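Here chain A shows up in two complexes: once beside chain B, once beside chain C.
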Partner chain A sequence: MASAPTAPPAARFPASPSRAPFGRFLAAAFTVVLAISLREAGVDPRLLVQSDAVGNAARFVRGMFPPALGVDFLGLLVRPVIETIQISLMGTTIAVVIGFPLGLLATASLMWRGALHERTPVARRALLGGVPYGLARALLSVFRAIPEYVWAFMFVRAVGLGPFPAVLALGVAYGGMLGKVYSEILEGVDSRPIEALRAAGASRAAIVLYGLVPSALPHLVSYTLYRWECAIRAAAILGFVGAGGIGQQLALSMRMFQFDEVLTELAVLFALVAAVDFVSGRIRGRLV
Partner chain B sequence: MSDTRATAGVGGAHWAWWTVAGFAALVAWSAHGTRVDVGALLGAEGLGQMTAYVAGLFPPDVSPPTLRDAALGAFETFAISFVGSVLAVGLGFSLALVASRTVLYRGILYAGERLAPAGRAGRIGIYALARGSLNALRTIPEILWALIFVFIVGLGPFAGVLALGVHTAGVLGKLFAEVIEDIDPRPIEALQATGASRLAIIVYGILPQAAPQFLSYALYRWEVNIRAAAVMGFVGAGGLGQRIHVAISLFHEHQLLTLLLAIYVIVTVVDALSAYLRARLL
Partner chain C sequence: MYALSDVRKVFGNDAPALDGVSLTVGRGEHVAFIGPSGAGKTTLFRLLNLTLRPTAGVLLIDGVDVAALDGAGLRRARRRIGTIYQQHNLVGRLRVVHNVLAGNLGRWSLSTAVASLMRPRAADAARALEQVGIPEKLWARTDELSGGQQQRVAIARVLLQDPDVILADEPVSSVDPSLALTIVTLLRDLSHQSRKTLLVNLHSVELALGYFPRIVGVREGRIAFDLAPDEVTPELLGALYAGHSDATRQLDRIHDGIGSYGTACRPLPGFSK
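On to the complex of A and B.
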């Protein structure tokens, strides 16, 4: 997953006749899966229009207005907001600390393939390159497959309530995503400067430092900033499991049915996310 | 020429150093604020505790009841993500149409004629309303939507479906609208030259061009949603999350590992399916 993809414009429209059977198969499969899923997920639109539901929805919306704007309440929000920013920054930093080394290990062209390894014996290549490569890939895939929310709950159990488990959860889950994308970026680096360095007799560390990282750096930093934008959103909700930040406040207001507070907190969250997007966008614009 | 570049390079370097220094200060401030204690974490005691915790998860519980429960949970999670994503595409698409200026009141579709001022104002109003709703849907995180829908329709996976549906509709609606506003105008000019109606132009000129990107975004959000669906249960909205919540709360470590493996499998399956469909269809 990870980076938002962009498809090329429709190069092949309308679909050529040879692709039609696949389309029919796909449509049939889609219908069957949808039908089963609708039943399995207990979808029942009548629940939305029964009087309880309408009453509850109305209570919720009415409860939101006017939003809570008391000075005491707003003062209460300052700390969680700062904490959310700190969680996102620290979490992203730890994610880089975890993701970068693992990303290097998970880069095939660095570990066992391509110009750097032309003359490495096969056994050495497999043992010193292939094995760490495989392990790093496996670790990264576990880190990112478990949602940060689940990580957060496990860390809350391990290290107690507060912002620290949120930092660890973001570090691990985003470390997995960063590591994978870093390895893809490094994989895509132009190999000619690397070959030149190698021809000059540079050591492997020197090749990484002077050949690989400099040409990949803008993309690495840009993707990391993008992840930071995601981290601020995530940091804002990890509080639902007791891991600090504005989310903890939000969960509290929700559970106490203080919907006017919920509205204010959402507005604050919106401003926070917009501000981070703006800052990150400005820096990224200068980079790439 | 070379002079300018040298100066620019020096300026760039300064900028980079200031950024790095500022960034280091921010991280130090954050570490202080979040009470990160790297020493305790990576010290002998912290590492020992962590190793013990991970070791305590093994072996996974593979007794038939747990396996059945994990499979059911994974299946339910899949269903939530699938229906939620389909709902999001439907909702998001409908909103995207009225959140696109080029469909409503401006650009090539309206090049030939002038809308009446009142009509134009009305259309701008609709556009602003649609954009505003998309922002609102997107701002509220999935998990909060789940709490809201649990409050409205009661516990169970349906609340999770609605939560994913509306939040993702906000995300997809914005992306879809951007795609619509960005398409190549030439096929539309061609259609216009043949005297096609506005509806015909939208159906035959705009949507076919936008469809591959719509599909690509929808698949991407499905991958996001399978992860989100796996945690919906934390607030009572069904799926694996509910079972994981119970397993962690009651310290059922072996069951927890089984459920985590189930998440891993279902997430990997959806990622692979999505990648396959992307390669096959786009």
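On to the complex of A and C.
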């Protein structure tokens, strides 16, 4: 630039709103929290290089090789692998069955807020919109606040050992997560087509069917598939409470110090997760 | 059809979007609303199609005060009002056939609506698409159509709805001039055939004056004038658009007599060079 531009008079435009003090406060608070967490969480890297830690780890790793590849052992893994897939599928299905209706109820723009409800009387909006909305959100919070491991533990007490408690645990815990995310996705849908359907006299159910769901479908399916991937991993963990699947085999092998079997089981689990990643990736790719 | 008296609409703590609006529209009338952007025309249309509720004042439809309507009664009233939007407001991911048949949703039971998603009554939709000139797009995905084609789909949806009044809110602001003329004449002819009331919100003064027998000017939330097109003088238009960037553009076009819409616009008194 040859000539320096003259600065415009300051009064011509409003100054940008300054958020600097708040930003500094946040940074300071974050640093303090981090420092306290570092101490309280017992983070001490020296423990990692102590002689017996290294020895134990080495024994664990040495025990893994060669991995157990006997035909008998591999044959033993077939059923649990299939069982894990079935647990994850059924768990995710139940999660959708729980999460979708609750997710609809937890969508503010559908229940009580925004242009759809401009003309709804306040009392009706509160009673038929606000109350179910609040209940649905509370229920979803409870469902996902309790870890699936704890749910599984409770369901094992209720319905006995086996894959069914794992399915229920996944269904409830993931139902809570799906419902929350579904409601956020539905909230983000372009409101203009919805307003048009409303203005033509469509009922709320018809608006969901012709407006909300078609618009949000790729995101809804994509997130559900992602949850299914997580469910495979979770299904393995749930085996630890006796809920069947590959996880139960893994828990057994670890308890028996059969580290060669552990390696094989981890490899199988890895292959399983990779396969599900691949399948859901393909489905997602076709949707967008 | 419509009778508004002293209608006022305020959003939050802002200045009123509409203030002291009184207006009567008879059955079968064709009215064009013009005015600078931000004048409150869209808010007025959203009041007229029962999306919004006036903050104050009375809105009668066929003599019935709609403020009291609620639930099923409100849905019945909305069914009689068809709206066409600037941005089409179609569901892009649905096929054209479903967007058109969605015009039926005010009448259909939920089970019929579900059934139609699986086995649509394609013949009904095809007939409406024929009327708007794009029968071949029946099974296309809506977001793959051009802007003008989507606006035709939106018109077909309103045809299926078969309302008593059609409200078109800036229906041609996002299409090129020749297409704008086609769509405005299409709307006018279709409403004329079926004796529907037609209210159009137009960005182009030229189109409004050339094609509508009654012109309502809106400025700063108030009705500035309500006249026949040959009573609308350059002075009135100058005052209507005063201080707005598109004022000179709008007026120059009319003064020069070379409109973007060809010779179809009849020359208007007071606008000769």
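As a convention for this text, the second predicted complex is superposed on the first by the 233 of 288 C-alpha atoms of A that agree within 3 Å, B and C clash if a C-alpha of one lies under 4 Å from a C-alpha of the other, contacts with A are read in each partner's own complex, and residues count from 1 in each chain.
Please note the rule applied: a contact is a pair of C-beta atoms (placed from the backbone, for glycine too) under 8 Å apart; a residue touches a chain by one contact, two chains touch by 3 or more.
Values in this document were obtained by computation on a predicted structure and should not be read as measured data.
J.: Mind working out whether A:Leu266 is in touch with chain B, chain C, both or neither, as first, second, both or neither?
T.: Once the two structures are laid over each other on A, A:Leu266 reaches chain B alone.
J.: Would you check which partner chain A:Leu161 touches, where first means chain B only, second means chain C only, and both and neither mean what they say?
T.: In the superposition, A:Leu161 touches no partner, neither chain B nor chain C.
J.: For A:Ala57, decide between first (touching chain B), second (touching chain C), both and neither.
T.: It touches chain B, and chain C stays clear.
J.: In the overlaid three-chain picture, which partner chain does A:Leu139 touch, first (chain B) or second (chain C), both, or neither?
T.: neither
J.: For the overlaid complexes, name the partner, chain B or chain C, with more touching residues on chain A.
T.: B
J.: Just to be sure I read the superposition right, which of the two partners does A:Val241 touch: chain B = first, chain C = second, or both, or neither?
T.: first
J.: Could you pull out which residues of chain A sit against chain B in one structure and against chain C in the other?
T.: Common to the two interfaces on chain A: nothing.
J.: Could you pull out which chain A residues touch chain B in their complex?
T.: Touching chain B from chain A are residues 1, 4-10, 13-14, 22, 26, 33-34, 36-38, 40-44, 47-48, 53, 56-57, 60, 82-83, 85-87, 89-90, 93, 141-142, 145-147, 149-150, 153-154, 157-159, 162-164, 166-168, 233, 236-237, 240-241, 244, 250-251, 254, 266, 269-270, 273, 283, 286.
J.: Quick one: in the complex, what on chain A touches chain C?
T.: That would be residues 115, 118-121, 124, 192-193, 195-203, 205-207, 209-211, 214-215, 217-218 of chain A.
J.: Going by the contact rule set out above, which residues of chain C touch chain A in the complex?
T.: Checking each residue of chain C against chain A gives 49-53, 69-70, 74-79, 81-83, 85, 87, 89-94, 98, 102-103, 105-108, 110, 113-114, 117, 157, 161.
J.: Can you list the chain B residues touching chain A in their complex?
T.: Where chain B meets chain A, its residues are 15, 19, 26-27, 29-31, 33-37, 41, 49-50, 53, 75-76, 78-80, 82-83, 86, 135, 139-141, 143-144, 147-148, 151-154, 156-158, 160-162, 175, 183-184, 208-209, 211-213, 215-217, 220, 223-224, 227-228, 230-231, 234-235, 238, 241, 244-245, 248, 260, 263-264, 267-268, 271, 277-278, 280-282.
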